């Protein structure tokens, strides 16, 4: 039994780390741009496919694929921003319209991936040497440990950027007052494009991690990740990166630990119940400051 | 002298859960069409009529299916229909075709409950009933000497009914079922499930889901260093599984209908080798080789041809009558055809395979076996 | 004799004020502005902000004062007409580029980053030259010297200060980059009288530091008192404009706004 | 701004004229719609297509009560639909109810679920949306984990030979008409005004004497009732109910897309949005079997980019004075 | 009908910050009680406590002879309390007419009567031409006027005004002053928060000066104007 529990804890942290990273990028997008990016999951899966292609046609291993995916998705996000977002701000309720648009985007991206990769599940047939390591009493796959390391490093870097550098503060300031940030001379369009591209890049890298942590993916698994991302974002408190990190870990742990003690089919309920109860008790999420409307 | 072609309606999923399987099946049907039409068509009342496929998209969406079948029947005026892929969609389609009085050939829906609804015009031409589907594997494992077995399954009609049948048989054979757990759709991580199966003391692990999940399970079993004496994954001999899973799939048991080592003495239609030849000719660019969905649909085409020429009519009731009359009298590339009056299929049993480092072998049933099963499988630490 | 222009297409300004001959720092030329669709809020409006002066803008509610100010600063784009800086058309230039031209804005309503510290708010004001560490330090020092109260609260969250203090921070932020001109929209609305008079005194001193001011205010009395040049807007048009002298000497002008001026009593 | 000053007597006349136009338009549209749908089975048009068209009109309009009138974005709207579908299926299949008797219970189940979810009404924005999504998943999982002899397990329930396509079609028509009439009433009623006030600023409305919690609940229950009814009728129409499809997020998504396409906040918006989008969807699906999803996605994106307020919303934004004529 | 407001020992804390530290106030029917104080003195918080938006940590609020501490805003509103907000809180996506109808939704009068009343109210506020516009399309000052009109619609017994003159043009300020005078003349109680001393001096029968959550001075306009503490904290030299 204690092996099971240990396994649950360890894997919970690892899986939670990936969730946290997806949540981080989503919360950045929502915070800075008020974009409810329903297509985020497709970006993630896109990252997984990039790693797949890089490995299968060029032999580039996933660890090296990460920076490449980051660059690729950054460019994609930058271009995507100018294509989509400026017009969006003209609507009465950019938040819901962004949801709708990104929903369309999600359908379209999934369809594109379907055309490129067909509907079946893929996995990258790459294994670290050794394939797993013994941590205390339990075996953990090397891929997962690597993924966890990357998650921690990226979260730390992102937190440093947002809280310690001026451009990071400018991004947060945009969350607080979008008109005022223009007045002090910040090119919001460039800044927003940067935020969008950054979030997309993180999503892409998360995709590579997803391919390492949950081996199989297909063009339609995006939505699952988008939903998890949203849960993490809301659980942590909107626009709050630290909250997203905590919430991701909490959600991952809850998911894994409940499978230890409950039938797997019931375990999913636990994750959702945690979300619902936390939000009903603390309507602004774990680290949310105030309700936003 | 040719007459107006026979129009067969069918939906194919362009997207969604069933897209790959549906398209795989469609290719099988195309082979049959190509074959019939090259022979001039089907003879009805002395006139050769070519066969034409009218396919529409159902996006794997159950709510779309009745509407599409209605479109096929009312707007496209098809003479009979083929079912969509899978039990879920087929159940939705059956209702629409039944109310419109059309005959439906089912090639992929195994769920027993469809055949309990009292539908009059459905026939499962090649797909064996769900509860019988998972039984050969249990028999095979029993024969190898497995005494304790752990089951896990995705909570979906096909895996659920397969596992139900398997568990029933396992108990009947006196095996101890150490775990019996279902998991919900969208479960992405099976680590704990695998650990639980190990902890239950099972010798064999029998988790059933669709390919993606099974790939993850195979990988995670290896990562967790979880040494079972046998692991059975239904889909592990699917070409795409073999291609993706690599070492993860070694020594895994699976089942299939289509493999170069499975050759039924056919009474009707092409045999496996001939079919595969046509496949290569018709689909030189298809990314995947044919799989068991392909042969299921092809076989269903062959059965349909016999039904039509026996009935000498496209009337639903007459066709059903003919279908029953033919029960037990046809062997296609997928195997024997045998139905009861509900349209449920009893034969066309799958063969059990094992993936060895050197390739797939048929390990059960003994008459078609090409190798002895490797049991217990070597522990991960001793594999290269 | 002071010329006064009433509601003409191209109002020339009245009175030989100090900077009358220098070209305007900022100018609206015949602009039409609409929020959406066809309803034009501003119609053929022309306004000029002369260097070294305080230009006041008054008018009834909904006259379009804030709209004009937002148009000046690129937050709204005119349907027709032009926005000019130093006589050069910059119509359509995004708001953040105005800083480069030495023009700062303190908008109606609050414009601080509430969760950031006072100092971070000021640092962000130095965004355009953020890489020039020495200049940023110099700007901060200067601002703190100007508003000692801000130095005391440099690490406090901006949102935790009182309304008056926040207003000073906004002013400090606008002035941190030593602009040539600031645009102020109702800087003392909802500010306690004592702080309000301090703000007016402060604004009055700005031209002496070489900073041109555009002041939109409903406190007509104070606005008239400190302005060198006045615009009266009504229904999105320039009803009248003239120098402060003109308003105080020309009886018809004086009478028109007398009623508005008389209303306020200041402490 | 350009409207001339009007003294009060002509204003009353003008108001009456505006009301006349409003009700004439409503009656006209309602009449045309009902006559058209009544004739569908008579002329043997594609029954399923029109059945789903009516279903989507009802769903999108009901969603509009939550989103357009009350300002909530229930991402888990499908929960009501799914529970409604299962209610009818269970009552018919396991308790042997006649379908027509079971349907009202579906509506009641929707209301019961609405009451159960009522505590979430104090959340707002994306918080509400995501919690709603989670609750819908919980509903699905609970039904999935219920004993197989009640809910049919993952395979779901089949109503077998009870299918009566034409009758269920007319029942759907009735549901749609009742729903539209309700929403038409709501738009002009005091409850409707209170709902919109609460949507714009709950605290201020509270201060104006509006019982915020009660008003929200009433709006919410109206929005919960109709999708549950739709779920029940659809279960009857297709004869198959399973958790996978009855709780499919695509149902929420379509509802949202159709409502928003037409424009939230008006009664005509979701109706027109549904008609246009369902038809467009059908067109794309027929013409481009391979690319249809791609095109649907791209079409949705373009819709948002070029008609961000929806069809009716854009019109009303350009012509604010029409707001009082168009239902 | 009229009622007085009586506030005793009111304390309200926000985390570590004590916004109200034991406020005592009485306002009689027919009286305009002016409330002044520096930014952050607690004026708005006081009003929020009276009308039920905040629940005070200590102390009680009486309206007439009824204790209202702990009642919800709509319950308080039903006792005949009307208020305006410092930063206008109009119903953004409703027409001006509909905005005015919100406070009278539970009245029994037929809609037509209410609509006519709303229209005449808008006419007086010079907003009649915009009556079918959404209120988000109004300028800052116009929104304040709309709030005032909306507050007057149900003819409240007790009126609380938070900075009604901020950003309002002088001519309309005059008009509003007249309105407030006539409200008080009708025997209603008026609580007026304003930084606009003109209106305070002209309207208030009594003035209370708040500082750091306490009443530091209370009395007639003249008394307040010459109060050293008030000059020091608020009026300036």
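Note that the chains are named A, B, C, D and E in the order they appear, and that numbering of residues resets to 1 at the start of each chain.
Operating definition for what follows: a contact is a pair of C-beta atoms (placed from the backbone, for glycine too) under 8 Å apart; a residue touches a chain by one contact, two chains touch by 3 or more.
Going by UniProt, the chains are A, D = Branched-chain amino acid ABC transporter permease; C, E = ABC transporter ATP-binding protein.
The model shown is predicted, which means the values in this text are computed figures rather than measured ones.
Taken together, chain C and chain D share the touching chains A, E. By number of C-beta pairs in contact, A-D leads when A-D and B-D are compared.
When chain centres are defined as mean Cα coordinates, E lies farthest from chain A. For the pair chain B and chain E, the distance between mean C-alpha positions equals 75 Å. With centres taken as mean Cα positions, chain E sits 30 Å from chain C. If each chain is reduced to the centroid of its CA atoms, chain A and chain C end up 44 Å from each other. Looking at chain E, one finds that residues 93, 137 touch two or more other chains. Residue positions of chain D touching 2 or more other chains: 1-2, 141, 144, 290, 293, 320. Touching chain D in their complex are the following residues of chain B: 14-15, 55-57, 59, 61-63, 66-67, 70-71, 74-75, 87-88, 91-92, 95-96, 98-99, 111, 113-114, 117-118, 155-157, 160-161, 184-185. The touching residues of chain D, when paired with chain B in their complex, are 44, 46-49, 51-52, 141, 144, 152-155, 158, 160-161, 163, 165, 234, 237-240, 242, 244-245, 248, 250-251, 285-286, 289-290, 292-293. Chain B contributes residues 14-17, 19-20, 23, 152, 155, 181-184, 186-189, 191-193, 195-196, 199, 210-213, 215-216, 219-220, 222-225, 240, 244-248, 287-288 to its touches with chain A in the complex. Contact residues of chain C toward chain A in the complex are 73, 75, 94-100, 104-105, 107, 110-116, 120, 123-125, 127-128, 130, 173-174, 177. Of all residues in chain A, only 1, 3-4, 7-8, 11, 15, 110-111, 114, 118-123, 125, 127, 131-132, 139-141, 143-144, 213-218, 220-221, 224, 255-256, 259-260, 263-265, 268 touch chain B in the complex they form.
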